[in-house]
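Chain nomenclature is as follows: A, B, C, D and E, assigned in order of appearance, with residue numbering initiated at 1 for each chain independently.
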């Protein structure tokens, strides 16, 4: 049981990392980015290429790939999102959906369907673990991921609430025209925000590729978990995403304990449950309390 | 020296021409009351001065700088701040955050958070509330405070007293008096004519996008202005409806 | 412009007036008992009692944030009070939705206008006419035209509501509320920002509503407009009613002067 | 004109997530087209042959649409379809609906037969569609043979997903294995896309399994196996027998060190001693030819796709009238031939319309230094087709 | 045009819209007579087109008019197909099963709506996606379906291929025409106005007496029904039921593509989008990777350069309203004159 809780929490850390960039764009910039997974895979291929061709360790490779992702984000904003976000709110869904198809297939065109992974370039890290008393093993990579999640999400949350640029990002997301009236250069701020989001997407891609395998089409399947974590976390809160990821991870691990097919079902059910609890803030005293605690955590 | 000058400004909303050939200039430290009936084009004019809406033709000058094509976020850095109609607060952000956003341009001056809270003490207990949840009057106070935070040279106020209780309106006008003394130029859209004419040094009345009356406040009577609302008064410059 | 066009259209029927007349005098049409409302820790309505008869015109004033809009919303059913009961036409409606209350004759406007932005002005009002009370299509059309006429919006009837300015949006709020064929209208700051001429037209419109037997609750900061219509004035402060009664008396009330007006009206 | 041209449809996943299967098809089709360039003899007549190959883009809906297009607009005489239930079943159903003969391979035949609505014990509902290749019976024989090569406690942890392959195996394999004296530890079907396996791993650890068997998709297996390594499970495993993942070298390469010595089972291997009836090439020639042409390591799909063409054209050769669909279907139902991947025989299958084929025990081992590719794929047992020579001794996974 | 007393009139039809509806009827009639004259391939392709049109129109109704952006409509598509095989397996005639399946799915969507319709915006969108995944997993538990293995609607094999093809074609045509007609009538009714009002502002809608929940539910259930019909039809043409295929988010992605490219919130737009998608697929589908890249690029380009979709652009350019659902007020002459002065 304790093992399940620990593994579930660690899994939650992974989801939080994957969801981070998505949540940032979803809850702060109000863009549902369907290309999130595909972009993470782009970063993964970048790291893989550096490691496979030039023998650069993926961790060092991040120093090259993350700035490149920032640039991608900047370009993405300038040439795609900026225009499409100006129309109706659904257009970014269409453009990022189109983008994800383009990216996936270009990757296929370039790299073929072969399964890849960054793990072979990490030595034993991908499966090393620490042994805790009680025959419990915690994977080193999993611990790294949850620490990364805390640092990134916490850092971003702090950035958004305490720093002028962070506030400017939120203001621009809410009303770009009025942001201009208080002196914010909306285009620049949006480009910076997307660049930041893409850096976190790059990190997500790296972890995804270290943890399992990827191919040009593996961006999509992880997307739902990321959305679930982001939505459980609640709009406007990045800390919430961490909580959301962990709630999801725990629900899945516990679900799997109950029934082998309970893994996915458990996650989905808890996701829906959380949404409905949030709907009834004044419901029964018990539900009310749960929802209050969910809120305060978020 | 003239601070702000507007030359032959035309502004459109699609096919509709909301501002037609408007010209005037206003000197540093002046208070201009801009009046006119509903739909006369006042808001449109203020928004194009602030850069929120680019004019179809004409020029906007601040000192000798041509602002016509300058985007709104740069105009505020040059000292033009707008309190927009309908407040336009960032509803998901707190009062304090909204106020801090007003500081984005980084202009130095007397206004800071503490002073805004002094001016609108009713905001103090709500400083950490999201502005979307404020009462109408609290929102208006925040919007004014936000504009003041940028320490503007030219302050454009669009229906500031709308939704404010009389007590607060009084306080707003007191504040106007105090920063007038520091040399701020003000364009004021206000429907309470009596009030507007009391603080203003000049009155401009618009009708269907044109200026139909432009006179020193002391030189016209309230009745004359009211007549101008309906196009019964001809402006001296002859640019009549 | 607000332009009253009394009896200019045969489609305006008089049933409302007749219905109202049938009611026993002295009955409270709308009443609220011991209303309590808080948002989190913030108490916005603190044990408020309110009652009015049909055909009354009640003005509400009070400093910003006093809870006026909240009271209106609770009466209209936009959200439930934490405690307290609301009666409409003798029925306990506390648990009913805003839509149900609307069908029972209660209409409201919003302080921050909420137009149906993607629809035309005509369509906005038509929604209200067709759903406020079940009637056939031609009758709802008639009611739409009547409301648009009364609120001076005929010429913008085919404009998309998104493109309206603030004042037209407020008029649209009024027209929409009117089209539901209410017995009582709750108005929230529909007079702000009007020129003197426009304001007197609005007053004319409201008087016309009263002539039709429609009761009015009107929140407004421009007191002199309010005084031209209201036969009773309420002043709220910090979630409580601090004065209630004859408008002139309320305006002179010391507490009201101190909390709201800042100076004596004299 | 079309009067003397035979048209054959060939559908496979060439792009999209299943593209690993279709990767070698271009090469195989080229070989076939070359062999057919001179014309094709059937019923004492020489025919021109047009092979119309189509890519499903790994989309089952598209697979069905393509099949209809080939049937309705291109008037094909025979449909060949290969690789995975997502590709084969929709195409076979479209052919069954339209009355066009269809031959397929590379998926467990149980998933093909029962997964399309046939009921056990009842006569076959299919008149037009035929399938050859491995089934659960072959896996059973192969696994028993392979797992007896190394001394273990005979405790087998199994992870069968809730998909067509997994379900076909689960339903039939486990009981048979139990009869052979293996203890099966089955945590139950999991869904593809599961990302955490701690429940299963702790069960396996508790039960002390030494053999592990699974039918996972590659990303799931990578996640599972790394987690198993974290939890100390892999060190206890003597035989790690994986199907589906591990068909292709890239899957194993992506596992890094953990991929070494994973056992697999092959529906074709370049060591198969047969020659292609259509092209005449041998297994080694096929594999070497592909490596030269593409620069990539050979895969077992080469032989399977070619075997499909072999069998298809043998049926056409045997049919009394290639232009008569019923005659071609009849020829399929009585087809008996030996392709590059071994025997195909529809006269003696477990159910009508099916000819079971071999699956050979194999292992991925580190290649000798100096090889072109990092991994070598060796045959470790041959019970389902004794003609295939065993090339190496099975190494313990944790050895 | 409805004339009211005092010279006012409310216009709902225009000359062009009358001829458009007439044109639609003619096209439908021609399509109904076509199967004996067309090749089998064309009949099959047109059946696919009808299914696309149903999908696009239903999603447009939900998102474009009702503001309910769902990325989980595949739940109903899959359920429509699932219940069809389930009922057919139980011995019901496959065509009757198809219809019954759509009704069952619609019935299931009613309790679902009580929860889902309380969610807003992104939560509703993602929530629906999760619902569809959940439904998919639950369907997988059915012994008949055997997880992802699936099964086939083999009872259809009882019909010879020509009969079967034509029957499915007509069913699809009738379903499409019926659903389009139903939706058109609904949107032109007072419920239609209420639906749009809710999209624009829910609070204001309730305050004028619109029953928000009931109205949204009507739309939600109708969309579920329509999409379920589409799912059943697709199964009838494809025979194979593999849950993964039917519960794939790809279906919703196509709906979004068709609707946004065609013009969201426009009745004609969704139809046009479906036709465009169908044409692209038919003519470029065989280009493999480049077809998909092209499809993606089309989506991006439309979002950038034609934000109102094809029909939006046409409408702006030519001020054309073929299938109008709105209202136009015409003032009496004396009032117009007064205004012009």
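Criterion: a residue touches a chain if its C-beta (ideal position, glycine included) is under 8 Å from a C-beta of that chain, and two chains touch if they have at least 3 such contacts.
Small disclaimer: the values here were computed from a predicted structure and weren't measured.
Visitor: Tell me which chains count as touching both subunit A and subunit B.
Guide: Chains that touch both subunit A and subunit B, as defined above, do not exist here.
Visitor: Count the smallest number of chain-to-chain hops linking subunit B with subunit D, moving only between touching chains.
Guide: 2
Visitor: Report the chain whose CA-based centre is farthest from the CA-based centre of subunit B.
Guide: Max centre-to-centre separation from subunit B belongs to D.
Visitor: Sort the other chains by how far their Cα centres are from that of subunit C and give me the top one.
Guide: Here the answer is chain D, farthest from subunit C.
Visitor: Just curious, how far off is subunit E from subunit A if you go by their C-alpha centres, in Å?
Guide: About 32 Å separates the centre of subunit A from that of subunit E.
Visitor: Cα centroid separation between subunit C and subunit E, in whole Å?
Guide: That gives a centre separation of 40 Å.
Visitor: Go ahead and note the Å separation of the Cα centroids belonging to subunit B and subunit E.
Guide: From the centre of subunit B to the centre of subunit E is 49 Å.
Visitor: So what's the Cα centroid distance for subunit B and subunit C, whole Å?
Guide: Roughly 30 Å separates the two chain centres.
Visitor: Touching at least two other chains at once: which residues of subunit A meet that condition?
Guide: 105, 108, 261, 264
Visitor: Taking each residue of subunit C in turn, which ones touch at least two of the other chains?
Guide: Residues of subunit C touching two or more partner chains: there are none.
Visitor: Any chance you could list the residues of subunit D touching two or more other chains?
Guide: In subunit D, 15, 162, 189, 191 touch at least two other chains.
Visitor: All pairs of touching chains, please: list them by chain label.
Guide: A-B, A-D, A-E, B-C, C-E, D-E
Visitor: Which residues of subunit A touch subunit E in their complex?
Guide: 26, 32, 80, 83-84, 86-88, 90-95, 97-102, 104-106, 108-109, 220, 224, 227-228, 231, 235, 261, 264-265, 268-269, 271-272, 275-276, 279
Visitor: Write out the stretch or stretches of subunit E touching subunit D in their complex.
Guide: Listed in rising order, the residues are 39-41, 44, 48, 89, 137, 140, 146-154, 156-157, 161, 164, 234, 237-240, 242, 244-245, 250, 285-286, 288-289, 291-292.
Visitor: Within their complex, state which residues of subunit E touch subunit A.
Guide: My answer: residues 63, 69, 115, 118-119, 122-123, 125-127, 129-131, 133-134, 137-138, 140-141, 249, 253, 256-257, 260-261, 264, 289-290, 292-293, 295-300, 302-304, 307-308.
Visitor: If you look only at subunit C, which of its residues touch subunit B in the complex?
Guide: The contact residues of subunit C facing subunit B are 39, 42, 61-69, 111-112, 163, 165-168, 189, 192-198, 221-223, 259-263.
Visitor: Using the touch definition from the top, list the residues of subunit C that touch subunit E in their complex.
Guide: Contact set of subunit C toward subunit E: 8-11, 76-78, 97-99, 102-103, 107-108, 110, 114-120, 122-124, 126-128, 130-133, 137-138, 140-142, 144-145, 148, 154-155, 157-158, 161, 176-177, 179-180.
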